[in-house]
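What follows is a pair of complexes built around chain A, which joins chain B in one and chain C in the other.
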Partner chain A sequence: MTMVIPARRWPVRAGPYLGPILAIVVWELLARALSDAFVLAAPSAILLYLIDNAGLMGRALGVTLANAAAGFVIGNLAAIALATLAVVWPRSDAMVRGLALLVFCLPLVATGPILRVVFGPGPWPQIVLAALAVYYTTLIPLLVGLRALPTGWLDLVRSYGRGRMAALIHVRAMAALPYLVAGLQIAAPAAFLGAMVGEFTGAERGMGVLTIRAMRGMNVEMTWALASVATAVAVLGYLAIGWIARVFMTDEPPVILAAPAEGPRKGPRALLTVLTVAVVMIVIWWGGLKLLNLSPFFAKGPWDVFEALFLAPDAAATRSTLTDALQETGVFLLPGYLAGLAAGAVLAMLVVLFPAISGTAMPVAIALRSVPIITTAPLVVLILGRGALGTVVLVAIMVFFPTFVACLHGLRQAPGRVMDVMRSYAASPWQVLLRVRIPAMLPAFFAAARMNVPASVLAVTVVEWLATGNGIGSVMALSASLSDYDMLWSSVALVCVLSALGYALVGLLERRVLAAYAPEQLA
Partner chain B sequence: MTAKPVINRRHLLATGAGAMGAGILGLSPRQAFAQSQVSLQLSWLHSTQFAGSYIALDRGWWAEGGLEVSLLQGGPNAPVEPPVVSGTALVGISAADYTAAAVAEGAPFKIIGVAMQNNPFAITSLTENPVNVPADLGGKRIGMALANTPVLQALCTLNDVDFDAIEIVPTQYSPQPLVAGEVDCLLSWETDLPVALTIQGVDNTTMLLADHGYAVHSQTYIVTEDSLANRRDEIVALMAGEVRGWDAYREDTDAATDLTLAMFPDAGLDLETQRLQAARQVPLMFSDLTDANGFGWWSDDTVAANIETLALLDRSVTPDLWDRSILEEVHGS
Partner chain C sequence: MSAAVICTDLAKTFKGGVEAVAPTSLTFAAGQTTALVGPSGCGKSTLLRMIAGLERPSAGQITIGGHPPEETLRKANLSVAFQDPSLLPWRSVRKNIELALDLARRPKKADDIDQLIRLVGLDGFAETRPAELSGGMRQRAAIARALSTKPDLLLLDEPFGAVDELTRQQLANDLPGIWEARGATTILVTHSVSEAVMLSDRIIVLSPRPARIVEDIAVDLPRPRSSDQARRPEFGTFVDQVFAALASGMAETLPKAAQ
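Up next is the complex of A and B:
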């Protein structure tokens, strides 16, 4: 495939570096102006802190990085296995997507303590949380990629008398590579964040442990030193994956021509799928608790939740607590989600239209997503206030980055031969964008829109828990500390169901649009 | 910096050699060395908050009693109750209000010791705009974790302050909004945010809730009824080590701080902050009552006061939530 290489037309000199340099200067000045507020540390102060505490930070980084890397590998291998299963055995596709979605919707606040009880002391809760943070954002682009190929290629494999496995290895795997890379790049910062939040469950050491200490101690230099190191690691991970991809993937994207699909899936069949997924999930939930032999004091089964929501004497009060909290959360969630999607798509288009800005836009975009939300939340809240705006912006930041990366890859999936045609007609960059690149981007955009439903829920609950103290995130944290595990599991179940509904809504919209622009995805 | 190798060596002797010997002789570790492994679940990150336990571990007082103790660290997303209920930890460090909530949800807990006689909750304000008594709270903006709203409500009821005249700002866990002028005061532990402010050179005033009628035992030791009936010897040995450890802590809090930093070099602890925290903790943990009866003690009167305050927090408990038999055995009374 082609990466749009700015160097050809825009000679690399100071240009691409001007943006980052300017940003650091502004940062330094701003930090000095705000030094009495204990919010922002200047780059120079961060550097001094890192030099003075190199041993401490190095050891913490080593621990967290090892856990994040283990979670990254496990999570992505799981995603690849699930995607392969769904493609080789298409009847499992709906089940794989449904279960993967529901598991991804489980909020960190609730899963952390349970993982700690199951695994005991040691790194496993951190590793599992890192894996849970990454597998879904790899699975979804991969499922798209494994289908992003001309049907003729599959016919060719079949005409040689070869089966699905051969098609998978020789055709689908190659077609999916760019999508896998997008997934892995999104996963790099997510794994690090997952490992850090995992340390909140009682880990002995690591960057997450130090972050708690720094914030409580109002140690601004330490907080920002931790955030800077975490950001740098995530950015390096992102760039390294991109570099490896560029070395191995040199082909131009093929033209995908597919007949329009026969229309949306029939109602009854879709309903059956939803019911099957729900039943299987409930069986896994119930069976998992039995198998792990967890105490019924904190491990509540499906029946306990049903009882708490509908049969218990205080069921009405429980329901009204949950609806109030969900409404509070929804007010922040929806605008943040939409703003993040729009910002991601627009910035990706700008980068493709004006490659020169990518030198500034890319590092800022990656950094925004990689700075652990646990350290940015207080700063954003200080600048924008504790009202809706602060939370909305934080959700938008979390949604923005996966959308941006996915759209960028999608825009670059514009078929090489169609691009040649446009070039020979001397089409303007705007026309190319509108007629070739945006249609090529749509499958990736919708994949991002879907996987961002649970990701934005995750973001909003973390912000509510750590910074603003309202909504469903706060209800979950509060009920865990007051041992109200009926309430905790009820809110987890409710959040999962609502996320799945949101996902399905985006999916409906997607089928309409893709039926016109990328029918091969619906086959 | 000598503490860590000592622990490692002891750990190696206790587990490595023990397991090997037991394997050869075909015996369980307990029979061979009379060392049983138990865990103590702490309620927060390692710090001088638990330094008495570190002293007991470091000086081998638990090993003398036949115990090999693991100290499990807590954290913002690590509730104490599940590991104690599930048996991962023999003893947990909780507080009377959280324990009462868990008991109401069906957890079979008993409180067997009270490390903090006086509740550590305090209201911190800037010295130029102080909150010295509860009446000063009227019309003020207070920053706190929303989870602690019932604490503030109880304080207002106890002191006839109009709760609705106070504006609550959910600052959660950061002292920064007080410095930025976003709030006038903070509700937190006496040993937590105000210590950070003092170390950062911000003049502050604290008002301890315990001085104004708020009586809730904190840093309490909890066990399940089942453990209390069936693992009594181990619990007695664990608490005996705790008592010795905390008595030694009181003798020299600076030495206890040095030990804490040596044992946990990766915890990012600041020496000055930890020393101040360790010193401020002493008046919360020791009183005339403990001077007369020993560390961890309580009386019928303090339990009655606790039940009254807990009722204001909507927690209805009876005196049999507290079980003093372990402490009586430890202190030989």
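Up next is the complex of A and C:
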């Protein structure tokens, strides 16, 4: 008997490529239609610009890539060291997570000028910013991976009288590899983002320097060419790490955006952890400045910030400036953040309800999730202007992609047996979505919502810094250029604490919602 | 050298007040195979885990060959085969066995490992990863790993629990000869009565949670035992005796639970 294997249908094979090809065609047509508006460069024009300026772009790309690579290595090594510490010495876990979150919440745009002052000219601010941009996105999946293993494997190690170190070496390290890869995949574009932000703050060469030059000169082709190159690098970095992982590992890397919601903690213990983290952070801040022996003119310690905010003669004026700026930022940030979350979740649900579009949407979304905000900001400003709409859209875009990917992953993780039960009762796709898939999606949605708090703060401060001249981003830019270091350090500390509070607030909301609608997900 | 295990007033209550094991004293004779039989969730695995040093008792003490379990653990003189084979998926059968030797700080002799792989019937699968093995083959690999360190004390927690009935019978036929030949003291947890009679020299029947001893039965059937023996009347007598003890344990416990 001859067995005929049916050929795969065309749409299935073309699915992953169809989206990008369609996008490029629409982009080309749109750019030609809007050629008088000077906002959109066509792919063909970008290609021509790149060919004409290959030397300039190549040199800039080389510089930024080198800084990003150095930051990538340093940041990821730090993440691996911290995760190892948290696993080998579990008491340090809360401290490691707390400190890591606080550092992750530092607004990169304002950290850049401070690092520039600390390190002076040269590549180190860019490298440190790249490292700061990557370590958290690697640390969190790694911590999950180092723990997400059957207890039997750990019992096996213990039954031979061996301890945590042996478990780490023989069992946990290999088990965590897929999670490490998931983190590294997100870290690759993030390192590029960090390096470019660093170049905004007084570097001499690199893609960031060219981006500022293009924006100031209103050079549409150059802005789009830079954004395209940065996007291509980010996507290639993401795909390359995925490819290496597939070659060397049998397990597919999971999609993890944040640590799972922690179980309810007793009030005093949680408070003690927060206080300890705050004290250690202040000691590190103060000790770091002492150790580096920096000039007190620009190196402001915790006491200087406290003094500037509460004791100095102009403390009230400083507080008022910061409060006004934060209110301005909040007006753009909150709608953008909520719109991005809603759009991500709704589109993910639509993809599940109409699976035909997922073949095209998923590869595009996964690739775009890795696009650095720094490349998107100038484009959104070009298209939508320097007003409120541009800022809100930019924040929404920043929040949308990680939310979409996480929600889709969560929706698809609905337990198979429960789905079978729903099918056996001939439940409609809507009923399945409402009763099974959405509760299964909630942890992934909230994980994305938590991680997106600092990400949206970064987006809004970048666009305020680069374009709009409003809000806390603008205050940071202004104080950096006027050498008002009291104001700069105060803004950094305030934004960092508010981001961490926002993260904690979403975590609180997450526990309440999960307890009400999906209590099994809290177990 | 095998070691006797002595438990004195051993008890376990978990956080939240769930009493898993009521205060119990019992001795497992050196070189004997003893089965712990009881209904699901009665606390027999908890008892085994306390002996293995994987669970800290709430009260009482354990000695293995006259020493506390920590000493046995430190010397890696015991091995556990879990219900789930717990093979590391990225390691082949050989590498999984080598892991136990690494953890126990014992030399890795290729000939010994090959012999062990042959003994458990996995000849030709030494370089195969667990995902490519059947459930029964994985259990054999896990038992080979447990035996590789030549332990004085072998603890088997429902080692055939995850395989089909036919494979279960086959494993029960093939494997006891291997660990008995090594003279280790063996404690086997199972909820299968016929498996307990087939494998052990002594059966301790436990009540529903919290576990306490309902009956202690010496199984004096001749060895080696085969599946043919399971059809003989004397085998059936032991099976009936264990079932009766289980029923009596349930009858004593359930009215209390209902109160």
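A few notes on this one:
Just so it is clear, the second predicted complex is superposed on the first by the 373 of 523 C-alpha atoms of A that agree within 3 Å, B and C clash if a C-alpha of one lies under 4 Å from a C-alpha of the other, contacts with A are read in each partner's own complex, and residues count from 1 in each chain.
As a working rule, a residue touches a chain if its C-beta (ideal position, glycine included) is under 8 Å from a C-beta of that chain, and two chains touch if they have at least 3 such contacts.
Note that the structure is a prediction, hence the values are computed from the model and not measured.
With the C-alpha superposition on chain A as described, chain C and chain B fit side by side in the combined arrangement.
In the superposition on chain A, A:P150 makes contact with chain C only, while chain B stays out of contact range.
Contact with chain B, but none with chain C, is seen for A:V39 once the two complexes are overlaid on the shared chain. Judged by the touch definition given at the top, the superposed model places A:R158 against chain C, while chain B stays out of reach. In the superposed model, A:N219 lies in contact with chain B only, and not with chain C. Between chain B and chain C, B touches the greater number of residues of chain A.
Judged by the touch definition given at the top, the superposed model places A:R116 against chain B, while chain C stays out of reach. By the document's definition of touching, of the two partners only chain C reaches A:H170; chain B does not.
After superposing the two complexes on chain A, the shortest C-alpha to C-alpha distance between chain B and chain C comes to 49 Å.
Residues of chain A that lie in the contact sets of both chain B and chain C are absent, per the superposition on chain A. The part of chain C that touches chain A in the complex is made up of residues 49, 52-54, 72-76, 78-80, 82, 84, 86, 88-90, 99-100, 102-104, 131, 149, 155.
Of all the residues in chain A, the ones that touch chain B in their complex are 36-39, 56, 59-60, 63, 108-109, 112-114, 116-117, 120-121, 197, 199-205, 209-210, 212-219, 222, 294-295, 297-298, 378, 382, 386, 466-470, 474, 477-478, 480-486. Chain B contributes residues 45-46, 70, 72-79, 81-83, 85-86, 88, 98, 101-102, 104-107, 145-147, 169-177, 179-180, 182, 192-193, 196-197, 199-200, 265-270, 273 to its touches with chain A in the complex. Taken in their complex, chain A has these residues touching chain C: 150, 152-153, 155-162, 166, 170-171, 174, 250.
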